[in-house]
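Let me give you the structure first, and then I'll get to my questions.
Letters A, B, C and D mark the chains as written, and numbering starts fresh at 1 in each.
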């Protein structure tokens, strides 16, 4: 055992003032493992909210900034042992690339909410900035922090399912069943506003999670898709629902469904993968189980839990508790934070080990643009841009 | 209480010799409620099998026929109080229309396995024969005999979900994961043989169940679809997997998935319908529950069971047992038989009340032909033929 | 293949007139596999009901009898090839032994509803009659007809769980939550009437199922128990709820819970067995699955279905359908009928192979009497009588 | 909005060195909401472990103490604005009372792992110390931090179930199926050692959770019980399994089952309560759902989630995330920490609002002593001591 003291990573936050759901999620997750200290922020353009949030979070008054530009300038001017090491970006989508780029250029690691940006083009430019910056960039695909998502990926990689044939991924939510954006619901308003959310509503908000998970677990690359997108709620300006057929480079076919008008659904992300030798499924709302269905043998329930027999190394190290003590969404996000801290401590650059990075961001943008285009196209199949040239 | 004796309906069977799954299903179902007596049959072209099956079933030797043509001729010649009243057709698909037509023309009611035929055109001709025959024709869409399928339909009709927006229906099976047809598996062989099964394998075999259930419960009519079909197993001659986006005349959109290469799946037909005010789902493998998800209120589990509070009349009368005593697939089929018996006793003609009929058959064929065409088309949307002119 | 015709077993019924739940269950079950023909009955002491039931069931008028005494006398006088071969007894409990004894003595096989009688003593006498009669006697412990109950038993016998340590068996129902017997509910009235039901209500009605299943699956013998019984509903004359700690001769300990005042429960019989090497559980309301939990390895879901890999022979032969086509309560009962038919055809006597018999009946009565005594005793442990001397 | 800065509560820890499960749980939970800062500790009697743990946790070297006595003395001597405000006690059971008493007397609030002590007598003395100290004392009954446990309690209090009749509570685990204590498993060793664990193994470790939850949700007081305890593993010195029948002062009866030799089980705490008007159940392994079963109406699934319609205030304020984003065990513990922080800030004394306190501790000890006594007694019913005179 070593006795060298381990000091927490200093981080700052843009966005996440009182009333914003996702900022608090990031702070809970960063706090869970004791690896981080929040030292500065520009939490809201509303300065009352900004100050109140900062006070609640015990931020030193001189490190509460009016906007992200001031934050970057002031923090960069601080001595290395004081200034923040990581900037967390939890603003509406249209600011993701501008802030991330500036932060990377100012010498900070960045952990950004998804999607990476609002167009594929600006995200390609961000990728270039990242390459030049020698910094770390992570993307908050929270669901990729779940231990059993890693277990699923490992099962596929190990050949337990054989050659994959079919992927079903679905993400039904019901919270946009009503016209919330016409009332004062901030969450609904920006997500259905093309100026803030980009070319797509539902597909950018949650379809991209479904897509990212399909590629992550399968290890395959979607090459073309055929989609229908709809706005079921009258007056809504972006899609609130959609589905796509898709094909992968490796020969599998699949179906992706995402919807925010599935009345009665909570947050029911679910994926199923079928191969020649068996299949598996994982449900976000029961995240501690992978259902493994070997062809011609009984279904098995693989369970999360530190030290569980049969659990792969990647899944196991993402569990804090013995099986039967449920871990959830915040722990999944905390796993991303924990790996990001290790990457900072190890002096990594580019994509932090264990954390989705710019590649996931580019793929997500390629998906969003393609699915949006397909939704308004009469052509059956559209190609999903290959982004490997931007990495 | 009346004391007039109720005598069973006399029925005959074509197909269903030893080794055939579905023939036994029909006989179990017909036996369950004591409404039927099997009096004659042509169970197999193999006369050893035919005779042995008949002996096992206690058929009088003079009413075991070498083929369906002899059966129809001989039974028609019997006195009315002896001859069969109903012919059950459980042969491979390509015989469905020829036998059904001949039986109707010979003056017998017909209960036929699905699909109704192998082309829409021959099924339209069958519809004409039926109209001219003054007889009854039912189609064994077994899943439409489940009480909770009727409950789901009634919930939609009652407006409990509001205007429907989204329909997801899926039917994953795994039994054709391997190349069974190259070994001696009869079930696999005819289903993957275009000469016996028609234009489609998976979609004709099970996709049609999914489609029929979607239209039955929603009460809506699918007008166009966009599909991909695949044969994942090398050498297989018909689709073993597919998915389709679809739209209804009433404004809903949907996704239909059917596959027989979903390794590890049993018979997992499932449907979900989403409306403005809530949603519901039903799973064939847990058939005694409808999951009702009202928008903004707790999920409810509606349960089958004779006399259960809240159960609609149509669902209730299809339950034999109090809740908690599971009824299953054979009981669902038995419900079709029971309603068919009542229709015969009541002197109905055309479609027996409570039993899928020629309209369901025509819709199924319209679906099969359209989905097969879409699978090999580059056009995004294909129209599903409207069959109401054939009724 | 043989071509000798198989003729159905002729059976008669005492009890089971219109309005009686269990009589119809027996008739459905007997009809399911085409092995039986109902030829006579004394369905109700109310002769209008008796005649109407008989007409509905297509019984020849001369074989509808006013009471069971007449039935036995008249049937015994018929030629062997006409008279009934099996008498089904579905009356209230206090008539089980008198009718069964008389029927055995008159030369008929008997299939009786549980419990076998109202006292252990009269059931011992019935056992003596059976021994002298050279006839068959079966007891309708329906739940022991489920394929997966046999699978569970086989897993225990095979040593898959190792030495058993713990048994939990529970049977909560809610239908007696209210004082139904004060209204006109016949089912509730006789079950809560000591003159018709015997020394116990809930324990005789359903506790005995739980007890029988524990002994059947475990293969162990309960030697002592410690119980509390209650009547929660004011004015109720027999227990409507109870629980017992118990010990087996082989060293396991267990808990048995049975209740009919568990508001909101349907018919939730469930058993769990724990051994040194693993455990299993089975739920009557999801009867097609055994949950196998090996120690230190993932949970497995063993599934019913004709031909399912890994299913034992006893379970497999009790399945009619491939997996994923749910079979339920009536099929379980039909399995008892099917095995009873085979036993009759094979000329067995005593206990029909595969069907619970007098031993199960004696054990059930030993349980009922002991648990009722324990419920009103201050002694902690009471011995459960060993009934092997009566066999 | 206020702009007064909120500073974290300073806490110290006794126990919880590397290798100890529960210490890390407390630190995760304390970190989750950003309300606490760990400032000192005596983490292990092994000074290498103690120092290494402290370094990993970024504890100032001068506040790492060799034992709890030094910790209390040194911290008490620090200026008020520096010294710890709360001591977390996560040692084996036999130290709970000595450390808690000394800490309270030294002027510190205490949050202690359960059980409160090893005898009821020493816990009564602790209660006296607490009364005299004017300090806060909380007990880490983690499961009472779950939002849906509070929802269950509120449903009972609101009368939704009517008068309670029956309580089933069970807690099967499988981790002591093998003789782990003979190998080097520290968790198993002290829990099966009477000198460290007290009069009971399984009942003290987990039975007390089951008991506490039954009293907490029901709001009723168990007055007598009848138990059997066993050590199934040869050589084990304390019970690893047991069950008890019990009665409450308010007229309900119940069954409590707890076992650590239920091979294949993880941590399956589950409670069911039945009343005249309905019932509810809650499972720790699916903690975000309460299953509500109204008598004569469909089952409802009540779900956790900030702002969920129908959720009570106490449940709602314990949720951080919208429904469908699972929260788990650490969040439950964090809820206790969050309420304890609020109690410290509000200057409360005795039992912190929302946190189990000395009353729960005394009841737990009364249960443990009674159940252990009953396990070795031939008397059927033993009275559970009333502890209200010690409060």
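Here is the rule we use: a contact is a pair of C-beta atoms (placed from the backbone, for glycine too) under 8 Å apart; a residue touches a chain by one contact, two chains touch by 3 or more.
Quick caveat, the model's predicted, so the values are computed rather than measured.
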Touching chain A and also chain B, the following chains: C, D
How short can a chain-to-chain path be from chain A to chain D, counted in steps between touching chains? 1
Over half of the residue-numbered contact pairs in common: that is the test. Which of C-D, A-C or A-D passes it against A-B? C-D
Centre-of-Cα separation between chain D and chain C, whole angstrom: 44
On a C-alpha centroid basis, what's the spacing between chain B and chain D, in Å? 56
Determine the centre-to-centre distance between chain B and chain C, using the mean Cα coordinates as centres, and give it in whole Å. 35
Multi-chain contacts in chain C: which residues touch at least two other chains? 265, 299, 303
Chain D contact footprint on chain C (complex, rising order): 161-162, 165-166, 168, 170, 172, 174, 177-178, 226-228, 230, 232, 241, 243, 245, 247, 253, 255, 257, 259, 261-265, 272, 274-279, 293-295, 299, 377-381
Contact set on chain B toward chain C in their complex: 1-8, 18, 21, 24-25, 27-28, 31-34, 38, 48-49, 51-52, 54-59, 61, 173, 175, 265-268, 284-287, 303, 305, 320-331
Residues of chain D touching chain B in the complex: 292, 296-303, 309-310
